[in-house]
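Note that the chains are named A, B and C in the order they appear, and that numbering of residues resets to 1 at the start of each chain.
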Amino acid sequence: MPAYSTNMRLKFPILALVLEIITIILFGVFVVYDDGKGHGHDADHHDNNTHKAEPMDLYPMFQDIHVMIFIGFGFLMTFLKRYGFSSVGMNLLLAAFGLQWGLLMQGLWHLDHGKIKVDIFKIINADFSTATVLISFGAVLGKTSPVQLLIMTILEITIFSINEHVVVNILGANDVGASMIIHAYGAYFGLAVARVLYRPGLRNGHDNEGSVYHSDLFAMIGTVFLWMFWPSFNSAIADPGFTQLTAVINTYLSLAACVMSAYAVSSLVEHKGKLDMVHIQNATLAGGVAVGTCADMNIGPFGAMLIGFIAGIISTLGFKYLTPVLASNLGIQDTCGVHNLHGLPGVLGGLSGIVAVALGKKEGSVSHMGSAAMQAIALASSLGFALVGGAVTGLILKLPVWSQPPDQNCFDDALYWEVPAEEEEHEESLAHNKAEV
Amino acid sequence: MPAYSTNMRLKFPILALVLEIITIILFGVFVVYDDGKGHGHDADHHDNNTHKAEPMDLYPMFQDIHVMIFIGFGFLMTFLKRYGFSSVGMNLLLAAFGLQWGLLMQGLWHLDHGKIKVDIFKIINADFSTATVLISFGAVLGKTSPVQLLIMTILEITIFSINEHVVVNILGANDVGASMIIHAYGAYFGLAVARVLYRPGLRNGHDNEGSVYHSDLFAMIGTVFLWMFWPSFNSAIADPGFTQLTAVINTYLSLAACVMSAYAVSSLVEHKGKLDMVHIQNATLAGGVAVGTCADMNIGPFGAMLIGFIAGIISTLGFKYLTPVLASNLGIQDTCGVHNLHGLPGVLGGLSGIVAVALGKKEGSVSHMGSAAMQAIALASSLGFALVGGAVTGLILKLPVWSQPPDQNCFDDALYWEVPAEEEEHEESLAHNKAEV
Amino acid sequence: MPAYSTNMRLKFPILALVLEIITIILFGVFVVYDDGKGHGHDADHHDNNTHKAEPMDLYPMFQDIHVMIFIGFGFLMTFLKRYGFSSVGMNLLLAAFGLQWGLLMQGLWHLDHGKIKVDIFKIINADFSTATVLISFGAVLGKTSPVQLLIMTILEITIFSINEHVVVNILGANDVGASMIIHAYGAYFGLAVARVLYRPGLRNGHDNEGSVYHSDLFAMIGTVFLWMFWPSFNSAIADPGFTQLTAVINTYLSLAACVMSAYAVSSLVEHKGKLDMVHIQNATLAGGVAVGTCADMNIGPFGAMLIGFIAGIISTLGFKYLTPVLASNLGIQDTCGVHNLHGLPGVLGGLSGIVAVALGKKEGSVSHMGSAAMQAIALASSLGFALVGGAVTGLILKLPVWSQPPDQNCFDDALYWEVPAEEEEHEESLAHNKAEV
């Protein structure tokens, strides 16, 4: 691949400016402030109880989720030694654009007199929609250009909003913490893209695909913020009051149990019983993903902890044994191991939801088996949209016009970012010295 | 400048202790807890509507702003390779003293039976007052001693509280997100100080005035926390309810649009279309500054995004083309480029406010053109107090008794901090030991 | 000590898995969601006023405290150059297990029809209980294995819950911000453990027991988050409304005054008046600890600032002069100096509480001198349980079967973690090249 093809000049700025101008125009046509009058379709989500909602009630939860999206996902991916600028920087770009696009796409299904009325509930959902892209970003991290990533954002959020509509409004399935429609969807979408963009040249790994001591600490900032605020993620759109409290407690306890099993299994499978940072950074979060679908159900603190405990085990084992197999045998190069953090635990969450609904743990549900069937269809729908949508997106991204990086420049910020000169000089002197040897 | 003059011993501790003791005495005389009885002048800011305020209602927003002040500003300035201790450490010192001083200075204009009654609203405003100092600190970063900075804090907050009184209480101007009274004021105050303290010896730059890879990542912690919580900054003192919601949504959308234009223009003006960390760390925030004055007005989501979009462009272009000219032609050495993040976008915010008020976007405003004129006078007042106040402050700081750093020790923590010796020695000793083997 | 004894394989995973399975079973037997019906013993803490509590009212404060526990304590301890993985990683493990254990231990004293009903108030207290362990962890940081730390967690939280019951329910003492029952208790417990585990081999220090430039910056993330959210820590379980507001304001102001005195004294006692990062990272927080016991009392803003001011001085002097003496003369090797951050300020807080209660600053207290006596007994109880409990725990941890690190591997992540290979190789290549030159 010739060097000039990675040059973003013109391609990236023009795409970003045109997208933003179109978005602003669409906002001018469709989007107004919520004025508290005449709620539309989503009123039944959060208004049908005795609690009189104030416009700002959900704001603290929104800010927790905002932190998860921008600090959590952004820093979680800084573990690579030479790709921190892209991780936190592209995360900011994709999420900032994605929330605008998500607000439009989700809003189009819920028009109120032809308008999208923005309130805190809607911007929470807009933030949620970006999470799918950030999960998929983890699968293709280091192997895609900013231009490709912007295109993926548009496509993935558009398809997400269709699947969300199917799952929530048509099937009437429960997925309060979005194990299926965000985590499983985002993971399998990203894996499908990664499969289509398979790079044989990276089959034997890459010098830059590893961490250094401090990059692993930066990543822990992301991990811990995700871990702490996950109860907000899983409860923000739950019914207010005791149902929301249940979602908080289930998530809090599931995550705590998950930490214990993730640490235990990490030590069990590693050399000399040592702990592995990759597991700690990721598998400790699997409990939040897996308890998502049934977070607001009456599964009991015991049930929530069991789900988290199992998720921690599955996720750690996935990192250790499954990821290498996917890469070598199926051509799926999953940089951050999103399959283990979002994919498997997301499916576990979907399955738990089916069981919980079948057992009547969801309050107000009439026909248990009918509802359980809807849950199963919702899971299948999420996986189907993800795999087909991801594959189509991958084919589009494969067109050789999006400034994608050549193999040797993968996982390297220097291709798309001005990198401080000290570093390079340092490396040059290293290179120089080695050359002399 | 002889070496001993930078020795802070006695000067700094005595100044800090005396200032704190005086402050504690003043608190003993003037400050009491709010007990909910008999609100004073600021009641009309937040109490005159149907919403019955509880004492802790604003607390979550206060904490968001607290994070912006102490993590946001503190880490944003850690981008310099050898000045991280001072950035985050001096930020903590100046803000911790500044909030006490600000509470006194602002409170003196709103005495209630001779007392300042502290509530969440007042400590939010105290935090706000420190933001002006932290912005100015960015302009003189690396070139001033802790002693100088403490003196600047006293003077800048005192003058700020006068201008705030003029703008809010006398002119009755609107500046809910403080584009004018904090951002423009803080930036031009700092630039005036920097002009007076001009150092010809730094005309050709300084070895330490640059970043390393990980210092740029630390700075991104600051950027992202500022970016996320800016909706709280712009809405905290808005009227509760739907007006506050409007301020949140306008800021959220302005910032999202600003990210897109800042990235696009950064890539457009840089070598080979690469992104520049300086732009990403700063210009992505310009949308929050610029939408401040009219955040609580009915400018429409479309209008907010347009303001953010333009702010991102102006700010990035300022970093690229204006900062070098200010330094070389006008003798204004603006270390962090606060002119581009706070100065220009602050003025843009003030101008947007004039237009928005003239167009009748501010609810409850009677005479549109009269109000617009007050907005214009408020902007002029903020700039005037900033430039004159900053110049006078600069002259005082120029007195050769404040342990200011000599040119060669600028941008270096080692002058005022114990710095770990290990880094370089460590490598050398490693090299040495191995060589012996 | 032979190398194999540090191998955690089997010991650690089995302990962690067994503990978690037992915990899940106990949760299955005892723990249910709060459904708002029939509050038990702790109702008088937060329900007996006109304020009608919603289930989620305390949630934003809970999240602030959650951040202090997981980010605050975790990153504060990353200051060591080679022990960041353990600091933030073990912090996560111990707190995640500790909150489950704490919820059980504290809940057993407040059973409601044989069940522990979980609400936000209870998970705040569960988080609190882990703080004691994290403080003690600071004293033994770098010198203990994960196995030892898990055992310490069980014992320390169990004993904590007994002392808490004595102090709060039997003595009826006031300790809203837990200066005595968390800070003093955690510190002296940890110091007692450290004394029993005294290592003569570390008498002359250790190569790894120091910071590098960026590890000190990581630690400041912890410091600043602790500093900012401390008002939530001290006010979360205060009576809602104006009492809670008082606790917030007292803590906010105490911390601000403490920063000033800590910086001043740091500069006063250091070489050439420089600031020392150890003081800034720790002593700036002493004001939050010391104002804890009387945070919700009517001590006046002036009184709160005075407490903070004194705490900052005592804490800084403790780091400078007391810690070396404790290590050399008493055999107490206190890695993080928790005696200066939690021990001394905690005792100061307890003493302040005695004085404040004697002066009738606690609203609703009937007999001032009787209440003051109860406060004094509460302080003595906390210190007694800490010293005896810590000594016994130390003796158990001393058994040579818990994979404790040999002296030469102290303060080194590589013993229990997979550490990225690049660092060392990198340095080796540097060394190699230099040797050749």
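Everything below uses one rule, namely that a residue touches a chain if its C-beta (ideal position, glycine included) is under 8 Å from a C-beta of that chain, and two chains touch if they have at least 3 such contacts.
Everything quoted here is computed from the prediction, not taken from an experiment.
At the interface between chain A and chain B, two copies of one sequence, fewer than half of the residue numbers in use are shared by both copies.
Matching CA atoms, the turn from chain B to chain C amounts to 120°, rounded to the nearest 5. Inter-chain spacing, taken between the CA centroids of chain A and chain B, is 33 Å. Annotation for chain A: residues 60, 214, 221 touch two or more other chains. Those residues of chain A that touch chain B in the shared complex are 7-14, 16-17, 19-21, 23-24, 27-28, 31-36, 54-56, 59-60, 63, 66-67, 70-71, 74-75, 78, 84-85, 88-89, 92-93, 96-97, 99-100, 118-120, 123, 146, 214, 218, 221, 416-423. Those residues of chain C that touch chain B in the complex are listed here as 51, 60-61, 64, 81, 210-214, 216-217, 220-221, 224-225, 227-229, 232, 240-242, 244-246, 248-249, 252-253, 255-257, 259-261, 263-265, 267-268, 270-277, 280, 284, 298, 300-302, 305-306, 309, 427-428, 430-432, 434-435.
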